[in-house]
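As structure tokens, here come the structures.
Two complexes are shown next, each including subunit A; its partner changes from subunit B in the first to subunit C in the second.
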Partner chain A sequence: MRQLLYSKRLAPYLFILPFLVTLAVFWVVPLSRSFVMSTQEVLYGQGTFIGLANYERLWGDRIFWQALFNSVRYMVLTLVLLVPIPLVLAALVNSSIGSARIKGFFKASMFVPALTSVVVAGIVFRLIFAESDSAMMNQVAEFFGFGPVRWLRGDITGLVALLAIALWRWTGVNMMYFLAGMQAIPSEYYEAASIDGAGKVRQFFHITLPNLRPTIVYVVTISVYGGLAMFLESFMLYAGNNSPNNQGLTVVGYLYRKGIEENDLGFASAVGVVLLLLVMAINISYLTASGTFKKEAA
Partner chain B sequence: MTRLRTATSTLVAALAVTALTACGGGQSQEPSVNADGSTTLNMWTFADVHAAYYEEMAEKWNEANPDQEIQLEVTVYPYQDMHNKLQLAVNSGEGLPDVVDIEVNKFANFVKGENPPLMDLTEAAAPYVDDVVQARLDLYSKDGTVYGFPTHVGAFTSFYNTELLEDAGIDYTTIKTWDDFKEAGEKYNKETGKAFGVASTGVFFLEPLITAQLGGQYIGDDGTVQVNSPEVVETLTMLQEMQDAGAISTIPGGSPDSEEAYGAINDGDYAAIVYPAWYTSRFVDYMPDLEGKVAIAPAPVVEGAEVQTIGGGGTGAAVPVVSPNKELAADWLAFAKLSPEANVAVWEVLGFDPVNMAVWEDEEVTQNPENKFNKYFQTNMFDVLNEVKDGIGHLDSFTDPSWPTVDDTFRTVTLNEIYENGTPAQEALDQAQADLQNQLGQ
Partner chain C sequence: MAVQQTTARPAPGRTGPGREPGRRSIGPTAAGWIQSAFLVVIALIALVPILAIFVGTFQDGNELIRRGMTFAVDPTSLSLDNYVLLFTDSGPYFRWFGNTLLLTVAQVAGTLLVSAFVAYGFAMYEFRTKTLWFIVVLLVMTVPFEMLMLPLYVQVNDMGLADTYAVIVLPFLAAPVTIFFFRQYFLGIPKEILEAGRVDGVSEFGIFFRLVLPIAKPALAAMAILNGMICWNNFLWPLLVLRSPEKFTLPIGLNTLLTPYGNNYELLIIGAFFSLIPVLILFLAFQRFFIEGITAGAVKG
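Here is the complex of A and B:
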């Protein structure tokens, strides 16, 4: 034991062992099981090898493509909303405008939604977007002279509700990431720029944005994953996995429906494998394109 | 060095094994007998009213069997949650209750494959089997083996709000066929501007009834889906025409059996509900304002139909095969669901139409003026049921292993397309057929 702990070659492995074991037990093993199960027809206590039949069914499955379309659409729109808006808010909080106390309160209140449970938030949003004309969003709609809208019955209005949850919940978190990134930028850059006569907007585009790149890469990466893996928001908003015409069905929702609700675990594993490959493909190409894998220039 | 490496890998393996076995701590396989000699049975259900009923049946069992007392612990979960939890539990074989209520549209999921996770209840059912409606046992059987016990027949009946109908000059007793229903609904809708019947998007009930009356099926005898067969197209076309004529309308909440709908029906927004007989309990429990205003009548039929009504909905109570108390659980369950006492209680506590038909003719029970259901409704449910008794049929598609998927597709897509988006029935059904064939790998 003593020898082991003092060995330069082996001790490091011992120290990362807890992580490796957790990774193996909770990640590698289930993942490989999923790959195996995706080629099987799984019934209680029996798995029959059926080759790629699950994937063939998946390829021709209209509902799967619809779920994939819903997930990708949601992911793209959350990127469009949840990168620029928090970025601008962070820049404002980081600037010299306004008193520190008000900004502190603003930061805290923007962050609170991230601490609440999605389950509770989903139920509240379901009530906000309810069909009756006394529901909050319909009162707002009425104020602007239209409605009542049957929010959760229409495809686009349902998407609006989902994006509203995403915005409400993640704006604060992303803002915090950007803010942290901004505060790490040395103030000398800004001083030098202002001496050279650069205005605030120019400074934002030429100093803040380039220096914030690692943060932006990180936020985009987790948002791609988060958008494609979204499930609970839709599940809570529609009070279950069945939305009218599957308008709120996501890839994970479909996996859940097939595997848990219809007990077709083999097929559900195939859905999961496809989702994993998709997320990996998007994120790895994005990370490569943004230069994250390149060695730091010395 | 080699020795060290071996040591390390042994350590890794040991850790991994510990971690794995830690996850697999199973439940005890010993029957759990309490200090007072009773046995604790855990039960899951998805309806509060069922829980009250089972507790009463546990008490009755204990009175009759003092040597085999049970202590029933019922847990009520929301519908979808309970079935998902059960699905996960049976796949892992861990954390299962001793008895569980499974809704009919989910039941087929649990008897898939060669070794279903539910106990064979054929023997437990044997003492009662002659008095029970066979079609309802078939619903929870596979290849001649009974896996679940039914609660009710669930024969379709009509519930008319007579006060509203009289104001519009409609006599509900003249409504015999769907054409009559449509005509009455059209008239009512013109007179009052309000909805008459219900087009549900959230439940798939009315459509199977009409298809059965037309003599059709959703799934063929060989197990292939045929949801765009002529009878099904005729069913949905008929209903779509009724909707266009104003005789049926969509309802808040998607079906009469939802919180939002109870409010709407209670307020008089809908005048005619065609639903399984167990809907009596929803009136009594959730629509107090309609007491004395609702009449039960036979469900409308297609002219010349052999099958007048079918059973709709249902719950099969089953015993997981891994339960350490399964023998006792099965005996109690047979008592609680199939015995004559139980069937009287099914009516008196739940207001359902019991599966033991002997009860239907026991006038002391059925005509009891003190019964809360008899007090609530203008007409007696059993008079209506006995009227249609010989015409109670069965839709074979209900027992097919593919039914949960068919049901799901109709409730999420097809019925929405037809009733909400006005897609022509043929087109929506062709789409459903294509989707289902793919999903089921046919």
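Here is the complex of A and C:
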């Protein structure tokens, strides 16, 4: 025992042991079982091997493709919104003009939405995007000259509501990432550019953006995951996993419906495996692109 | 205490509007004012949903659910009825509140201890499979929990752990993001401290608990805040594993109020508002730690 506590050779393994145990019990075992289950028909806890039948069923499943389309569409649109907008806001906060107090207030206000749970955010946005003509978003719509919209009934208008939640909750956080990245850029770069006569806009494109590349890659990656894994926002906005014509159904929502609501574990596992492979492929290409493998190996 | 320092302290190199030599046609003062006005407008838009929910606590719940939240609030319709209801006959609300508090405190304490412990192993020692395992940490870190939810759900059901608080906490004690953050922090601690401890006859674990943890307070604070907020708001995993109503947490409980056949809408809005209060207070007090913790993932060492 004494030797165990004092051994410098054994110590690191004992220190990382909790992680290894967690990994084995809560990751490796469940995921391996999930792979096995995806090749089975599971009834009352008994699995019967049916080969790739679940995957074939998945391939021909119109609802699955619709859910995948919804997830990818949402992911792409959140990327389009949640990278450039926070980037510009961060550049404004980082600029030398303007009052520091107002910037402090701005940063704090933008961060507050990230503190809310998805439940609270969902409840509020459901009420903001309500159907009555006196609901907030319909008042905004009226201001811009179009009639009351039944937001959550239509595919595109429902998507607008989902994107509004994403924009509200994550603009501030992404802005903070970019701001941290910008403040790490040495000010000498800007001074040198200033002397060479480069204006603010040119400085942004030629100094800020290239030096911010690692942060941008990171934000894009987490946005890709977040987008593909989106479920709860839709679950809360539509007050459950069912939306008109499945317009709010995402891949994870489909996984939840099949696996947890309908207890069709074999088929749901196949959905999960496809999703996991998709995410792992993105993950590994990100870690390769950002040079993390090389850096950690060195 | 570093309370409020972030907002009050002018950033280095930046002073008020109009102090910079101007260029272009609009003067620095004008540009500064335009920028400030723009930022204030955006900030106010971001605060609208929070303000709406605050105003909603004074409005009739059923009316709110039926007609939605509106800018045209009728001041005469506002009342304290919801507050009276919440503090006299709130049903299970404060039970959810207490459950969430208990679970948050337990999970934060456990996660900090276990994750710092693991991170210490990665930061302070050289061993053969270190790179391999650390890459695994990075891989696990970025995989969204949604990918794991079904296998994990099946697993804990079979282990007979469903509907317990243990199962909400256990899989996440060795939290990859927290491990990563602590590792970065420990890498900056001089190794001489370890050697000095060894010379004094302190065990490897004694060095961690008695010499290193006490000087890691800023990292502990940032991670306590981050994990505290995550636990307080945790929804998906508890939604899957909790069955007994007396074990419900705030997000789970509030979600049960949002049913089409509900008759507790008065409680829904004010309950949602009061669930925000603890996090908001912590944020106002420790804004710096919040931002440090949440943006921690992007810091690459």
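Details
To be clear about the criterion, the second predicted complex is superposed on the first by the 270 of 298 C-alpha atoms of A that agree within 3 Å, B and C clash if a C-alpha of one lies under 4 Å from a C-alpha of the other, contacts with A are read in each partner's own complex, and residues count from 1 in each chain.
To be clear about the criterion, contacts are C-beta pairs under 8 Å (C-beta built on N, C-alpha and C of every residue); 3 or more make two chains touch, one makes a residue touch a chain.
Since the structure is predicted, the reported quantities are computational estimates derived from the model, not experimental observations.
Of the two partner chains placed by superposition, only subunit C is touched by A:V173; subunit B is not.
Between subunit B and subunit C, it is C that contacts the larger number of residues in subunit A.
Contacts of A:E131 after superposition: both subunit B and subunit C are touched. In the superposition on chain A, contact is made by A:A11 with subunit C only, not with subunit B.
Once the two complexes are overlaid on the shared chain, A:L265 sits against subunit B and subunit C alike.
Once the two complexes are overlaid on the shared chain, A:R62 sits against subunit B while remaining clear of subunit C.
In the superposition on chain A, A:N246 makes contact with subunit B only, not with subunit C. In the superposed model, A:L255 lies in contact with subunit C only, and not with subunit B. Counting contacts by the rule stated earlier, residues 7, 13-14, 20-22, 25, 131-132, 260, 265 of subunit A appear in both its interface with subunit B and its interface with subunit C. Subunit B makes touch with subunit A in their complex at residues 4-5, 7-8, 11-12, 15-16, 19-20, 80, 83-84, 87-88, 90-91, 93, 109-110, 112-117, 201, 252, 404-405, 408, 411-413, 416-417, 420-421, 434-435, 438-439, 441.
Those residues of subunit A lying in contact with subunit C across their complex are 5-9, 11-16, 18-23, 25-27, 29-31, 33-34, 37, 89, 92-93, 95-132, 134-136, 138-139, 168, 171-173, 176-177, 180-181, 187, 199, 214-215, 218-219, 221-222, 225-226, 228-229, 231-232, 236, 239, 252, 255-256, 259-260, 265, 268-269, 272, 275-276, 279-280, 283-284, 286-287, 290, 292-293, 295-297.
Listed in rising order, the residues of subunit C touching subunit A in the complex are 6-11, 13-17, 20, 23-24, 28, 31-32, 35-36, 38-40, 42-44, 46-50, 52-53, 56, 64-72, 114, 117-118, 120-122, 124-127, 130-131, 133-140, 142-155, 170-171, 173-174, 179, 203-206, 208, 229, 232-233, 235-236, 240, 250-251, 254-255, 258-260, 268-269, 272, 275-276, 279-280, 283, 287, 290-291, 294-295, 297-300. By the touch criterion stated above, subunit A contacts subunit B in their complex at residues 3-4, 7, 10, 13-14, 17, 20-22, 24-25, 43-46, 53, 57, 60-63, 131-132, 153, 240-246, 257, 260-263, 265.
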